[in-house]
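Following this message is one structure expressed as structure tokens.
By written order: A, B, C, D, E and F. Residues from 1 in each chain.
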Amino acid sequence: MSDIKMGEAPDGFEGAGFFATSLDQVVGLARSHSLWPLPFATSCCGIEFMATMGSHYDISRFGSERPSFSPRQADILMVMGTIAKKMGPIVKQVYQQMAEPKWVMAVGACASSGGIFDSYSVLQGIDRIIPVDVYVPGCPPRPEQILDALMELKKMARSETTRRRNEPEYKALLESYNIPVLEG
Amino acid sequence: MAEEVFEAKTTSDALAMNRPVVEDKGYTTLNLGPTHPATHGVFQNILTMDGDTIVHGEQTVGYIHRAFEKIAERRPFYQITTLTDRLNYCSSPINNFGWHMTVEKLLQVDVPKRAEYIRVIMMELARISDHVICNSILGVDTGAYSGFLYVFQEREKIYEIYEEVCGARLTTNMGRIGGMERDLSPTAIAKIKDLVYNSLPKVLAEFEKLFDRNRIFMDRTVNVGGITPERALDYGFTGPNLRAAGVDYDVRVMEPYSSYDDFDFNIPIGHNGDTYDRYLVRNMEMWESIKIIRQAIENLPEGPYYANENHYYLPPKKEVYRSMEALIYHFKIVMGEIDAPVGEVYHAVEGGNGEVGYYLISDGGRTPYRLHFRRPCFIYYQAYPEMCKGLTISDAVAIMSSLNVIAGELDA
Amino acid sequence: MFSLSSIQWAFYILAILTLFGGLGTIMSKNPIHSVLYLILTFFSLSAHYILMNAQFLAVVNIIVYAGAIMVLFLFVIMFLNMKEQEANELKKNSTIIAASIVGGTIGIILVAMFRQVQTQPTNPNFYDSQIGMIESLGKFLYKDYILPFELVSILFLVAMVGAVMLGSKAKGERDF
Amino acid sequence: MITNQTVVDDLVTQFGTSVTEFEQPYGMLTFTTIPEQIVEILAYLKNHKTLKFNFLTDITGVHFPDVEEKEFCVVYHLHSLENNVRVRIKVYLPEANLHIPTVIPVFVGANWMERETFDFYGIIFDGHPKMERILNMEDMDYHPMRKQYPLEDATRDDKIDALFGR
Amino acid sequence: MQLTDRSKKTDKRELNLIERTYLPGLATGLGITIKHFFSKKATIRYPEQKRYLGPVFRGHHILKRDDQGRERCTACGLCAVACPAEAISMVAGERQKGEEHMYREEKYAAQYEVNMLRCIFCGLCEEACPKEAIYLRHDKFVPVFTSRDQVIYGKDQLVEDMKDRYNRDAWTKEDMEQMWVKQRIANGV
Amino acid sequence: MESLSIVNVIIVLTIFFVSLGIAAYETYFERVVAAYIQDRVGPDYAGPYGLLQPLADAFKMFFKEDFMPAKADKLLFVMGPGLALFTALLTSAVIPFGDSLIIGGKEYLVQGIEVNIGILWVFGIVALGVYGILIGGWASNNKYSLYGAIRAASSNISYELAMGMAIIAIIMTSESLSVRAIVEQQHGINWNVFYQPMGFLIFLTCAFAECNRTPFDLPESENELVAGYHTEYSSMKLGSYLFAEYLNMFVTSAVISCLYFGGFNYPGMDWVHATLVGLAGETAGHNIATFVGLGAFFTKIFFFIFLFMWVRWTVPRFRYDQLMNLGWKGLIPLAVVNMVITAAAQLSGSPLIGGYIGLAIFLIVFVLLWPLTKPKSRML
């Protein structure tokens, strides 16, 4: 870049820098209120997701009612229902197509751990192929629990930095799943 | 695309084989699914398109194959109820009771009248919730979202009833072999009455008003994806989709189970099996279901709600403390050591999508030797490419949602 | 030289844009890009019209050419999905020779024209600012030139009917 | 009114010894036939003037590893909608020769059911236009519903089998 | 094909001229939606308002203690056998002298684990338990997890806290039926 | 050339920012209206009553990763959303938002620019609006996007024709192409909608189609084409597309109000003007009256925006061929009929009565001829 040396930063303005941190906070806050889900609904939990979208639970109160079926536009990958081994690569592909920042919610026992289906054809939890941020127990979980998970994700979104993907931990996490890390 | 080796003997055979189009005219291939919103996440249709017209479709299924039948061979009879919950998750009580009736047929247990009536009520509620989902999703897939949320509120009320009766919303695990797990509570009865007398008819009428005579909706659905009754039978259609084609086949009437012959209801049939017919048939069936529930809840007989068969039905908890016999039976039933007779049974119930069949072979062990589910979706979804041939993507989407293909049932 | 008025500045900038667009149209490899350059050309031409106080002409140019015809062009090209090979066929020697002959001829004609043409500076005293306006245009068309105007409209009607006839499919075929 | 006995009589006169083992478990007529005859029997039952078994309810397979020469069984369920009579037809196949003709020419709907049976048991339906796996992955190397294969996913690690001898 | 005498054709009239103008359908539709626009909203604002989940809702597991604070579980293992998801595992322990105030029966579960992500909340364990020890709470869900190592609940999370006891109207279905009878009598029906 | 005064600049900038602000808050309105129609409550976590929801969305989209599909046409992929936004913004320039303000003895029109071909300008820019979608959809190199783009292009072209013909009928009665002149002719409650109810319906339908709103939202129909032309777009590029859609809605509502509902005119405006002038003096009174007119105009705009949303959450969408049929076989002939009726009414000397008589004659003839034109019964 340039050979100009940075002056000493005043106390309290260290680290990522004052503006960067407050920007982080603002962006995190904005993100937390606008988490658009990608409903990857395969079975029963998908019906409960519909109930969450429905009038009684109304996910729109959290700004998340716009389902983005295009992975490019989504913020949360909500995997709802059993993921068979045949489906696994597709989940992974969808995850890779999503734009950063992205979070993954495994809704229900099947997506989280295979649940009752401990069989040759079912993936025993999607965390074997993609990193999962929130697991929701239940088979299917009640809409309340899905909302709880959404609020958990909101907390995460608020506390994460804007450039989450550049952090070494995150890169290591993705590499452990064999997902290529794009520089950006 | 794998080309076939089969030599068709006649032209009708060639039609029957559903031969793929081989000549290449510069068609585009469009991959609909498995994450396409209209496929509800789980099946793939590779459509060969001539511009906007579908020339041929090729389906891939099995994206949520969960090995139900294999699991069923490892589970005692009473645990299989939890599997049937997840077959057609839109109407799990029907599957639950269908399974229980199959086992009862095998064990030759007579279920008391009250239990049968409660089952009928629950099954019809399940049918309503199934049809509600299907029809409102048809609305969503044709672009009208609000109707979906209006009727979903009623579904939410059905959930409340389930909750009252069994403690879960969707995967109910309702009923036990030999009867019901628990009786209908006064609250549940009040809620059911409120539902079928007040709220549901109103909302349903409103839903019909919203769509039935709306020209946009009719244009989208009338004469879209029609099928002749002969072809439908050939493909193994059952349920509302077959009835829409004009065949009044209904297991509830043909082979009445669970006291269905006590009730007076009609079988709605359509004219030419198109999307609009399927929609109308489902709507009318909901009205018939309401009728059945009204009759059942008004004439709910008093008496026990489970068969007095201590070999299959868990004894009361208090008994288990007090009497040794009850304790032994309790352990035997939970461990799955009931002495099932050797034999094979096929039992069918009218599920949300048609004839749900259970083919059970028992070798006398604690688990079924073989349990095969006849899943209506799996069988009629084959006809999908034929139904949307020559139509557009929009039609394909509408047909798919009006066929009500439930992934859990499709892939087993 | 550097004391151009704002109008002149606008003219030169637009002229450059027009030429750039025109050249882009014929030089770009991708047909879609060609069409877009052509649209740019139309726009700068429309801007020229505005400079000449012919607002109506400018807007009609945009509506008709940029708004309708070019959209259809783009539409068709997108459907055709022209591949690189086919595009390269335009770059054969014979094409280049033909193009240069045509271009040269046009150049000669243009030079001949400009030698003949007499430019008169506008007399500000007699300048009628309404001359390019829609009102006077309308009066001209519907008073002085009513017959040619109506004839042209009949011509268009015939062309339209012909197009429909050509475009319609035989009976029994699906209508789209 | 058609009873099971009418069906039996009709079949025996038509097909003679190739239909055997008539039973009526829980009221449903069940009989066994040989693979070569299955298409003709189904076609005969479907096109019969009075019987009219025009609805193929189901096709499935069963594995009996302990029965010699009859390790596999394909079970057809037919339904005569007009007479409201069901019939179950069984075809036993030896493990060495798992071939049976397809019934798609008679019932189109058999297509996927046969594919499923192939997928689960490896029974090959001769003449089927697309004898491929349907539910499982293409690269699966065994037929999972056979009794010798385990149900469980080998990778599951959160269950302590030792505790209850499962 | 006519199979029964109960069939009823659907109403599939052709659209009449006025309906073909799109306007009547549009008008009724708009009327319905505007009615809903001004109607009462069905939403339950979840984190602030909580919904009653029914008397027998199957939520968070709990290992009950009896009134003296002793654990009821006797480690018979029926719940683990009954579990279709194979989510329960336990290790039995012999009650030692001096532990009578802790365990009601002679055997007890030294270790009791439920894998909350495997569990399908079917309620079969509750039904299978001969000692009325395990219950699925009707007033509480299992919380969401952020990592896979939190999901196996041990006894510390499952056994009832005596300070904050779990209560429900009726512990068994028989009790519940008696309760309904009492209610009915109280209501004078 | 008259030099631009500072007031003009301020007016232009205000119009610009107000359009942007309204477009941003339309997303919020859309969510709330949808929620209310569906018995829900809508966003209420982002700020009081969820009012900060659009800001949260915008911030999120700004800081989201920008995706460029590998095989996309890079330049056009970026150009698409920009173009969509640009064309959407251009239209608001010629809309007369209010009467005029008197500042320092000079009269300033509350309008971006007053040109005598205003309506053609609107029409031309609307015609260009499709480029953003077309280019973006093509550049994404995705079949769904391409389908969306093609649907958008064809529907826009088709509905422009009927729209243009409806506008011609308006021009006939107003005898001017200037939007301001058209508005000023509808003084008081002398609104065009009473003269040309059919023209209004045609224009409204076409406006829905031009904005790609349900029932004409085929380009992005979620359940058919995933997200249509913007399937491959993420971050602010997607934001621009969504923003352009809402901006278009705002502008279209404004145009409808101007053409058919008298713009800033409202019943009793003369009385209000006179009273205000009497109360507050010539200049101030006039200015206040202008603001009242502005309020009336925005009320109309908001009503139409609401109508857009109301219809969106009510009806199913068309199929592609039905859309074309409606446009070419339904609306264009109707628009021609409307033009003829308007012309005849204009010549008859009494536009209002003549118009209605013409309409009645047309309806009678149509109903009488209907059995003859009826196609073969498609339904059983």
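Following the convention adopted for this analysis, a contact is a pair of C-beta atoms (placed from the backbone, for glycine too) under 8 Å apart; a residue touches a chain by one contact, two chains touch by 3 or more.
Keep in mind it's a predicted model, so treat the numbers as computed, not measured.
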Legend entry - Neighbouring chains shared between chain B and chain C, ordered by label: F
Legend entry - Required minimum of steps from chain A to chain F, each step between chains that touch: 1
Inset, instruction - Compute the centre of every chain as the mean of its C-alpha atoms, then state which one is farthest from the centre of chain D. - result: C
Inset, instruction - Please work out which of B-E and A-E is bridged by more C-beta pairs in contact, and write that pair. - result: B-E
Inset, instruction - Return the chain whose centre of C-alpha atoms lies at maximal distance from the corresponding centre of chain B. - result: C
Legend entry - Chain centre separation in whole Å, for chain B relative to chain A (CA means): 33
Inset, instruction - Compute the distance, rounded to whole Å, between the mean C-alpha positions of chain A and chain D. - result: 46
Legend entry - Cα-centroid distance, chain C relative to chain D, in whole angstrom: 72
Inset, instruction - Note the residues in chain B that touch 2 or more other chains, in rising order. - result: 36-37, 52, 62, 65, 67, 70-71, 82-83, 85, 144, 146, 149-150, 153, 156, 171, 210, 214, 216-217, 222, 233, 247, 249, 254, 271, 411
Inset, instruction - Spell out, as numbers or ranges, the residues of chain C touching 2 or more other chains. - result: 176
Legend entry - Multi-chain contact residues (two or more partners), chain D: 81, 84, 135-137, 144, 151, 158-159
Inset, instruction - Using the touch definition up top, name the residues of chain B that touch chain F in the complex. - result: 28, 30-31, 36-38, 52, 139-146, 149-150, 153, 210-211, 214, 216-217, 219-220, 222-223, 271-272, 392-395, 397
Legend entry - Residues of chain F that touch chain C when the two form their complex: 1, 73, 76, 115-117, 120-121, 123-124, 127-128, 130-131, 134-135, 138, 146, 149-150, 153-154, 156-157, 160, 177, 320-321, 324
Legend entry - Complex interface listing, chain D residues touching chain B: 25-26, 28, 30, 54-58, 60, 62-63, 75, 77, 81, 84, 86, 88, 102, 104-105, 107-109, 111-113, 116, 120, 127-130, 132-137, 144-145, 151
Legend entry - Touching residues (chain side chain C, partner chain F) in the complex: 6, 30, 32-33, 36, 39, 55-56, 59-60, 62-63, 66-68, 71-72, 74-75, 78-79, 133-134, 175-176
Inset, instruction - Please give the residue numbers of chain E that touch chain A in the complex, ascending. - result: 41-47, 50-51, 53, 84-86, 115-122, 141-146, 148, 151
